[in-house]
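First subunit A sits with subunit B, and in the next complex the same chain sits with subunit C.
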Partner chain A sequence: MAKILLIEDDKAVADSLSFVLQRKNHEITHATNTISAKHELGSKSFDCAFIDVWLGEEDGLEFLADNGELFSETPFIVISGGGPGRTLENVTARADAYGAVRMLFKPFEDTELLDALSLALESGKG
Partner chain B sequence: MQPAQIIQNYALQILAAQTASVIVLITFLTLDTPLLWSIVSALAAGIIVLTLCLIQVRGKRQPSAWHDVTQSELLSAIRDAQIGYTILNAAGEILYAPQSVNGLLGLPEGDDLTGRVWFEIDHEKKSHKDARRQIWNEIIEGSSPWSGIIRWVGENKDKRYFDCTVCPVAKDRMILVAIDRSDRIRASRQLQDREKLNNYILNNIPVSITLHDMNRKIIYSNNYIPERIGQSASDIIGKDPGQILHNSTVGVLSDMYAQMLRTKKPVEGRTLSITEGKMAGTHWLLFMYPVFKKGKMEQTLVVSLDRTERVRLAQEKEAFSKKLFETQKIEAVNKFAGGLAHELSNLLHPAGVYARALKAEPDLPDREKYLGHINTAVLKAGEILRRTLSISRFDEDAPRPVDLSAFMKDLVAYANDIAPQGLNYKILYPGHPLSVLADDTGLRQVMMNLMNNASDSQGNSGDIILTLGKGGTPPQTTGMTPISAGPFAWIDVTDTGEGMDDNIRTQIFEPFFTTKRKGEGTGLGLPVVQGIVTRWGGIVTVDTSLGKGSTFRVWIPLSQSQPQKGKKDT
Partner chain C sequence: MLHAINEHMKKNGAPPLAQADRRTRGLALLLEQTARLIYDEKHPQALHAVQWSALRFFDRAGEQTRTVAGLAKYLGVTSGPASRTTSSLLKRELVSVKPSPSDSRSRVYELTKAGRDILAEDPIQRVAFLLTELPEEDLSVLARTLDKIYSGLDT
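After this line comes the complex of A and B, so read on.
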């Protein structure tokens, strides 16, 4: 069982991700914006974090760029469904630069999600 | 006759009588006639002479006779009338010319003209003098009177014009009478020059001017239209406009003509686009004026302004605006595609998750709930797609004149019927009719959208004010320019909600941008509104500040024509 922080503003997406992860007995903490995410990261420790790029008026990648230290102990996976100026190449390049374990583009298979989580948990152990 | 002359005449008559008496007395005394007889005879002779003189003078002073006008009086009158005369021989040499001729010809007083050839005297060019000589010879040979205008050039090249008549009175005697017509001829020349100038102006201004009789036949035309159809102005005189242009153009002219006949007033500013015949592709602005003579309408003046170039420029401008609009649209499409991808992926991902789960475990607990999630996602995606279509739809009703006040009255009555308790929409009318170019369905969608937004921002309570007006130009706050140059009517939708900061204000017309809570808005409402209004040539702008509410203004091009009665929104 892993402790996972899910940073996602869209309730339906968050629910569906939680649905898959909870069925694998992982513990999910859901943050809908960066302020809440900061708070959670400051008060608890997580084995992995999932971060959406388009967070309403906020940008998940900007959040990573400005708060890299918060993720020094927590491996993270970036999720994106695209958006204006947010092409696959562009988002992948930036996510790599910030040290994301993997990049997932919605919609994706559950196995992709779980594989990415395994990879993150392994990298976290190191 | 002067009194001094009369006295002088009488004195002469008395002197003549005395002389007669003295002669008779001396004669009789010489003949040794007795003295008494001699004196009596002398007196008798004096009385006879005096009586004869008196009889003669009285005869001359008959008031009905004209012979008492002296020759000098006559000539003086002729001189005063600026009439000169000379007597010439066949060679044209002056035999006699009164002094007054010098004044008339501008020659120094005292110059003796006798013996000079008349047509050599002035400073006219040699070629002209030669021509005069030729004419003179022809007159002499023909021995018949001649009349004509002779130009006389002075020492300073100043010119005088004489109306001349040459009368042969004998084989070698001609009388030349010259009347000074310089003033009249100069005036006539000026008139001709002015007429030439007027014609030059009329034929070179980019306007067609035609004058028609009451049968509408052309009685005058400047060159503007004839040149364009490869004819001369005289070719179209007497013709009907329909014969020259094309029958399809006559309708507009006939309407104008009928109105002018009815009102007896000018009919101004009618447009005419010619689509057939030699003038096809030209556009005109027509003015028709009645011409009255002694209070009766006798002619029609038609002034036609060629607007072809202007229309072409306007069409080019419109094409350019459309291109600019398309460019803006491509940019918008890029943004839109990103937004659409984001929205749909957020819907598709959960649907995929639950579908896979149900496939793996058909009897999953909460099966119904997950199926419901899938269904909701599909319906939401459908809604986004429908709105996407309404942003880009081009098959909507063509804009037509809409009576804005009447339309808004109906719409607000409907909106108030379905509004939550405590929410009221109120209209401030402009006090004059407003006819705009829009389509009912689109306008309803635009207004309902803005009114709902205003209602949301006020927590669905209080008054939402809708103000109708016209005039002004849209502010450049949206980064877009309306296709139409105006004039515009506008509808303001004013709320007293939270208002927006600059950051939000600049994004509200972008697709998928929303300030509403997740699940409440698609972020497509305002882009759809903007899309509809820009298709009419208008634009939506917003005036807002944080904490003070917002006013959305829908700018719609004013229509030149009135809405058709009875055709209401359905």
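After this line comes the complex of A and C, so read on.
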């Protein structure tokens, strides 16, 4: 069982991801914004984090860039379906440059999600 | 800071080169020359940068997104240019196409062996390899710096 932080503002997406991950007996903590995510990362340890790029008005990758120390022990996977201002190609490059274990393009299959998680858990971080 | 520069340039136009700080102008030129060196193959069969982008996308995207619409979203273009790029890769047999198992109206693309072989020679790998020699701290600074420059130019 892995402890997973899910940073996602869309409740439907969060519920869907949680359902798949919990079915594999993983423990999910859900943060809907960067303030909540920062609080969770500062008070608990996680084996992996999933972070959506567009969190309402917030940029999840900006959060990663500004808070690298919070993720020093936690591998993270970036999720995006595209959004305002940046191309998905640019978002992917940024996610890679900030150290994401994998980038998932929405919509994705359950197997892609679980494969990415396996990769993160094997990454040596955490 | 870039926002302030953009606002200034919107109002007053770009400053003459002579007025720009010599050091930052040198850095800007180095950045531009470095980018130009990445795709240095000049022969008629050489892939264009957008074709490399499409190959990278089809290599890493999942089955639900490996479509023309998915590529258009990835590149930030309309379906016309994405379709033309995909057709050019099909013509060169670097990708193949099949009906989507989940949506019969949609067609899913994937790399052929030739596509995977050519992607193994992706010119971006040369740059990535050179960057592996930088210490972690420099990589972090470079990521933030390039992100800021891109953001400033893209607004």
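The working rule: the second predicted complex is superposed on the first by the 123 of 126 C-alpha atoms of A that agree within 3 Å, B and C clash if a C-alpha of one lies under 4 Å from a C-alpha of the other, contacts with A are read in each partner's own complex, and residues count from 1 in each chain.
Throughout what follows, contacts are C-beta pairs under 8 Å (C-beta built on N, C-alpha and C of every residue); 3 or more make two chains touch, one makes a residue touch a chain.
Model, not experiment: these values are computed from the prediction.
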### Message
Looking at the superposed three-chain arrangement on subunit A, would you call subunit B and subunit C a clash or a fit?
### Response
fit
### Task
Could you tell me if A:86 is touching subunit B, subunit C, both of them or neither one (first, second, both, neither)?
both
### Message
After the superposition on A, what does A:94 contact: first (subunit B), second (subunit C), both or neither?
### Response
second
### Task
Answer with first, second, both or neither: which of subunit B and subunit C does A:20 touch in the superposed model?
first
### subunit B versus subunit C as contact partner of A:65, first or second or both or neither
second
### Task
Name the contact category of A:9: first (subunit B only), second (subunit C only), both, or neither.
first
### Query
What is the contact status of A:105 with respect to subunit B (first) and subunit C (second): first, second, both, or neither?
both
### Query
Once both structures are aligned on chain A, how many angstrom separate the closest C-alpha atoms of subunit B and subunit C?
7
## Note on the structure
Footprint intersection on subunit A (subunit B / subunit C) at 81-82, 85-87, 105-109
### Touching residues on subunit A, where the partner in the complex is subunit C
65, 68, 81-82, 85-90, 92, 94, 97-98, 103-109, 112
### Task
Would you tell me which residues of subunit A are touching subunit B in their complex?
9-13, 15-17, 19-20, 23, 54, 56, 81-87, 105-110
## Note on the structure
In the complex, the residues of subunit C that touch subunit A are 53, 57, 60-65, 70, 73-76, 139-140, 142-144, 146-147, 150, 154-155
### Query
What residues on subunit B touch subunit A, complex-wise?
334-336, 338-339, 341-354, 356-357, 373, 376-377, 510, 518-519
